[in-house]
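Have a look at the structure below before the remarks.
The first chain written gets the first letter, and so on, giving A, B, C, D and E; residue counts start at 1 in each chain.
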């Protein structure tokens, strides 16, 4: 059984969906950030696979930059969380709804 | 001659403005005197013009342009010809008398100056009406007299009934004016001009239907002003105004404007005899109809008003049957004696502190000798007894009916003549003869001022002698009106008719005297009869109008405002606005501030777009299969 | 054959790990599962011949990112269970499954494009790291440098946000309070 | 084996990087300066930043002259793309930044401005947006986007109060999701075309005659979601009101303009060729999104009780309005987009500045939020000039002639009408009518009501300083006298857009 | 001077208004009076310099503003607009002159001067966008006037006024832009010049749609049934000066625009829609007159009467012949004067008693005879008595439409009846009868300040009723050329037959371009 591009794309999609699931249901902000990491990782798999099947490095480049972006996001995200936590003592998402309407 | 024309026309206007200046100030005799003199000047000018016209010449001037738009050209143009000069004479004569009379009559009224202003304005309007050389000018006068009538009927504006009557008169006239206006439009669009001469010159080329329409609509206008059925109710109510007003406007001049219109438009009506017949029939009907109401009425002025209505019916009969000169002649004669009658009634009213019910009077001939004489004279003239004015004019109309073979009309008119005599002398008997019932009510009657009586005397004289002008008049006026002479071919028939009529009328007079000269108590039994009830309630027509037109109109208006405008039209607009706002209120919870749901919205949006994409993608990919399946289904 | 076995094995492993990450109530489990999943992902990179990427994945993610998260977790004290209301889990699950289904539905059909022009082809005979380096420092130099700046930005942001100066807010303090605070600050510094 | 790469330096056209490098240099300069000499006055940083940004603007002018003579400039392995769109986008980005920076010079102190890092991050952000618009490579777009966004999140949070953290976290989290979408969408398109450059993709699609339409649509959907988030299209707009409310008013005003224009340029690059290639689906979907964005945002704006939140929704609505240009896709429409946005910059920034000038530190009794409507009740009595200026901005936003946005509006509607989108034009027009209501509401509060809350008169100009007043003055002039420069503006924009092939 | 007299006329009040900010509030009224008198004198000079024999545009100015999009500052007047412009400046003048002691009078004066600019601008503009600019801009001062000096419901009323008209005009704007697009299609250049647009012959279906788009904008402004409900609120809540200007000038914008835009540009559509519009006009006339009859507030009576009269104007306009259109233009002026005066009069009594309910009054004629007299004259003018100003217009309008439809005119003619009904009954309720309310017994009669406004209006009402020629002639000339243009442009047989051709041709514009 040959593993084709389609397999990888499907895998990527499934992982992406898992990430979406996490994004939507997580109330703990930290764990919500985990889910966004999953999203990006899922995409990375796809890029690597396409790159492989097309014999093209662009995909790998994209994946590489996505990793860099993910890393930066973590830094900023954690910074925000720490600032919030210092003030409110929690990182619960539901506690965060002073603005509405 | 133009100078005289302008003097005749504008001196009343000058008077109106002059008096108007003092409108709000307390009474000044000056206004009365000045206005009367100006009217007299107008009268003199008219007389000069009459002399001029009698020589067979006419005056036609165009003062200035009024309205010009497109092909329409309306000037302020005035014409003094045989017809208008007749009217001018009538108007100026009666109004001069009434002006002088009013100085006495309105002596104690706060609105003395105002009254003269209105009265002169009325005369001016009436002069415009009769002198105009086009339909638009006629309409100016037409509306102007309507306005003055409104002002004068509602002169005592603190009285609810007076203002009500004024409004009724104005609005009813307006209904008719619409007809008139439509008639004018028809004339313009079919003949291209509103000038009498030009329009009438073109009319013979028009088809009959158009002419019919023109005739009908113009006559609707005439019906309103002359208070013909069914627009007659305002006239009786108009008696709320001061009595000189009733004499001038609602007896002698304004109400005859309708007749004047038909006479003026004789070339038109000549071409549509069917319409003429209708006019005549309506006239005959109104003559009878009004007379019946006069029979039982208990209001002095209303009785005279109904009598006026009845006489207007006569005039329309004549005009409708093509005897325009007869109509005009009766108009003139009627103006004199009816004005006299009203002025006399005014004297009586004055003497009785405004009391109008003749049943509360009686025996006044002792204290008001001259008034008694003059009113009797007027009544005799009205009844058409030889040799007074009424005889010559009214008999002529009867003859017209007979000669034209409209025997039904003739019969109706004859009967009406009897009734006329009856109610006139019923009134005279109740007021001047019999017991002095007024004493019960504590009245102290007194004769009017001397100068008032003197002022009335020209009318009295004219009421007596007007008949003698007949041939002069005929010669003059038939220069522009059809000069049909109405002679009954057999002398025997003629004499039988004249004598028969006279006898019939005299009989009616005696009957009235007999019944009312020694009137004691009221005839309760008679009052319970249906006939009496119908008549005293004016055939329930005012009731009908109130109940089925005025009230529904008022209610419908309220419904339109409160229900339709507020609840439907406006509410719809507000509903749209509120709907939008409510939509916002109801959906703002979408933004509930919770990050999870915000993320969900975002994912949901993507998924929806995805599903659309998939659906579209599949549809494109399997387009052939789908169309095959659909065609298999017969789609 | 080996490739297939490896693919399926790692697919299942990553999916399970990630699933655990997004569902478990224990933050520690989630962190561990995430780390594991990321390592498994690097396996795909190796399978696909993207060695450089695989290494970067392990170093950056499992090394740096996970370390950061671990520090964060210690700071937040999230070892205790966090009550999560899952009132609308149906919507959540539904949406994610739907999205997967839709995309998969389309992906099961093969891509038919024949007009693809490769812009940065693999260089024959070079190792993956070599070719990556080649491309990265020619064509993708600008993004690369920019990424560096981005990391700088992230660093500054992280420092600033977590820094001590954020503890008191000038935004909320009245002008007098700020004055007093500044005085105090100056004294401390002196 | 690897062979050596020989590239001539001229072919790289390194100069194309200059506009982006200027702010980066500026940022680094500020950081270094801070290292050496602490505790400098913020005014110094403001002026430094302003200088750098103006320098940036100058370089753009230079490029635009170059562009109008030589046409599109490619640089650095075709990574950089300086065409009319890029230049116009950068003009707006940099121009709005010039107007924004002086807003830091408030007379009251706010937390963020006490950081030199604030200005550094701000300059980085500008550079990020500039990169975003000056390339058609998805990778560079993505990195530019992320760099700018990360800086922006921080800038919002630096305002340092509870709401601004909340706003930053919300924005950040949703931004992360959007980044995932962007990456996924890029992946799909990459899978289809083997390229991450938009013009290349277009070439491949056209060569294939869109054979893989379902695939393309999947990619488009994810990109639409990601970019829709950036330009706040419904239903990806949910961040906007909260973030605007949480951020400081000046920052909110800035956010309503700069990130969006960057987003619009990308959207235009990405979707314009798809629209023109007859992908009906995209037409329909965009149509619906445009209409829903305009209408729904308007409707929500109606019910707001806070002026800033209202302006947030109104900005969403304006974005929807402008998005119509992408749907219409003619040169006139695309020019209208830029015209509209330039005019919008003046008006909207002016309006937010008016809020900024009246921002007090603590709420008075009876006041529910920073900029609640009732705070402005009876303003005409207290501060007539402020009230008049605010009313001016509101009228302009409502599209009342002859103020700035009216011209943008008619040009846009005219574009719609001219390409047969009559119904869309009507919807746009009617939406303006709905919008008029909430703008009017503020005017009514200011002019026709009695003051409700007992606040000191000074509140309304609490933060006033020469700098702020100058900026507002510029905004007023731009708003009122827009018609004077309109012609040259239209000609300029049209030439740029047309020469870029849009 | 003469080359730029229109610009002077438009911008003089605006500049004065800006300068007015500096004027101390105690002198604000005097300043306003001075400015408006100067403006009025200029407008009179305009009339003096106007060549009544020329039917086309005069005093034209053309400055290119946005050549890339065909927007010009193009102004000019002809006989149709001349008198409305004069009327606008006249009403502003007497309006300011008769202002009493009001709060914030300075703001009011400044607002009025701005309003004057927009009013003159609308009637002088010959560029669609310029027209639109002034058209919309006029909403703002009016919004402020109603909203700041109005009655208890003033905010609701002002917002309703603004939003309603704003919505309508936005639809109109789309129509304008489409028209410009069609012009662009036909000629290859952008232009918003109305005179250029006149040269365009459009196919019927375009005409119909464009007509509809413009119609919505104009109909709301007029206001035509069923878009009229903002008007009673606006009038009911507005201060006297607001009502006066609203009724006298602002409403005319709609009817004027019909003549300026709809008729010459879409002659076939005008002919096509003639009867539906006539039906609306008839509903306006009768229905609103009945509603007016039911009112309890005397100001509402006048407000609804305005709508009713506007019905006649619309009818005259859509007669599509010289008589009708001339009549409707004249009636615009007549109605302006009369309803303006009536609102002034209502204001007089409102100032004294702070109520407008008729049930509060009664017998005013004996307490305030001068007031009652002027009111009476104006009322009679309103019901269309000959020799007063309204009659001429009403007569011509109805006369004109009679050529198109007999029945419709008969129905519309009931205006003279229903008008009399509500007017007379209101007059009776307020002025006649005994003085029942003690509060009314000591009311002072009109004072000299009020007479300052009322006497000129009365004189004009009579003068124009007796001698309308000075106005009628220029109007007639200009209308003739409009009708001629319409006839020439008409493409459908219906249009050709409905619009009369005139023999003696006065060349104005000959259609050139045609949209395929």
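What to note about this one:
In this text, contacts are C-beta pairs under 8 Å (C-beta built on N, C-alpha and C of every residue); 3 or more make two chains touch, one makes a residue touch a chain.
Computed from a predicted model, the values in this text were never measured in an experiment.
Touch-path distance (fewest steps) from chain A to chain E is 2.
Between the contact lists of chain A and chain D, the overlap consists of B, C. Ranked by how close its mean Cα position lies to the mean of all protein Cα atoms, the top chain is E.
Per-pair counts of C-beta contacts peak for the chains A-C. Relative to chain A, the most remote chain by averaged C-alpha coordinates is B. Chain centres here are means of the Cα atoms, and by that rule the chain farthest away from chain D is B. Between chain C and chain D the centroid-to-centroid distance comes to 27 Å (mean Cα coordinates, whole Å). Inter-chain spacing, taken between the CA centroids of chain C and chain E, is 68 Å. We define each chain's centre as the mean of its Cα atoms; on that basis chain A and chain C are separated by 6 Å. A separation of 98 Å divides the Cα centre of chain B from that of chain C. Shared contact sites, meaning residues of chain E that touch two or more other chains, fall at 163. Taken residue by residue, chain D touches two or more other chains at 139, 143, 146-147, 150, 153-154, 157, 169-170, 173, 177, 191, 194-195, 214-215, 218, 241-242, 303, 437, whereas all remaining positions touch fewer. For chain A, the set of residues that touch two or more other chains comprises 5, 9, 16, 19-20, 23-27, 33, 54, 56, 58, 61, 65, 68-69, 72-73, 76, 79-81, 83, 94, 96, 98-101. Contacting chain pairs (ordered by label): A-B, A-C, A-D, B-C, B-D, B-E, C-D, D-E. Within the complex formed with chain E, the chain B residues making contact are 23-24, 64-72, 136, 139-140, 143-144, 147, 150, 154, 157-158, 160, 163-164, 166-167, 170-171, 174-175, 177-178, 181-182, 184-186, 188-189, 553-554, 556-558, 560-562, 564-565, 569-570, 572-573, 577. If you check the complex, the residues on chain D that touch chain C are 1-2, 5, 7, 17, 24, 31, 76-77, 79-80, 108-112, 114-115, 117, 120-121, 124, 127-128, 131, 137, 139-140, 143-144, 146-147, 150-151, 153-154, 157-161, 164, 191-195, 197, 200, 203-204, 207-208, 211-212, 214-215, 218, 248, 361-362.
Residue ranges on chain C touching chain A, taken from their complex, read 1, 3-4, 7, 11, 14-15, 18-19, 21-23, 27, 30-31, 34, 37-38, 41, 44-45, 48-50, 52-53, 56-57, 60-61, 64-65, 68-69, 71-73, 75-76, 78, 82, 84-86, 89, 91-93, 95-97, 99-100, 103-104, 107-108, 110-111, 116, 118-122, 128, 131-132, 135-136, 140, 143, 147, 150-151, 153-155, 157-162, 166-167. Interface residues of chain D, counted against chain A in their complex, comprise 138-139, 142-143, 146-147, 150, 153-154, 157, 162-163, 165-170, 172-173, 176-177, 179-180, 183-184, 186-187, 190-191, 194-196, 241-242, 245-246, 303-305, 309.
Residues of chain B touching chain C in their complex: 597, 600, 603-604, 606-607, 610-611, 613-614, 617, 621.
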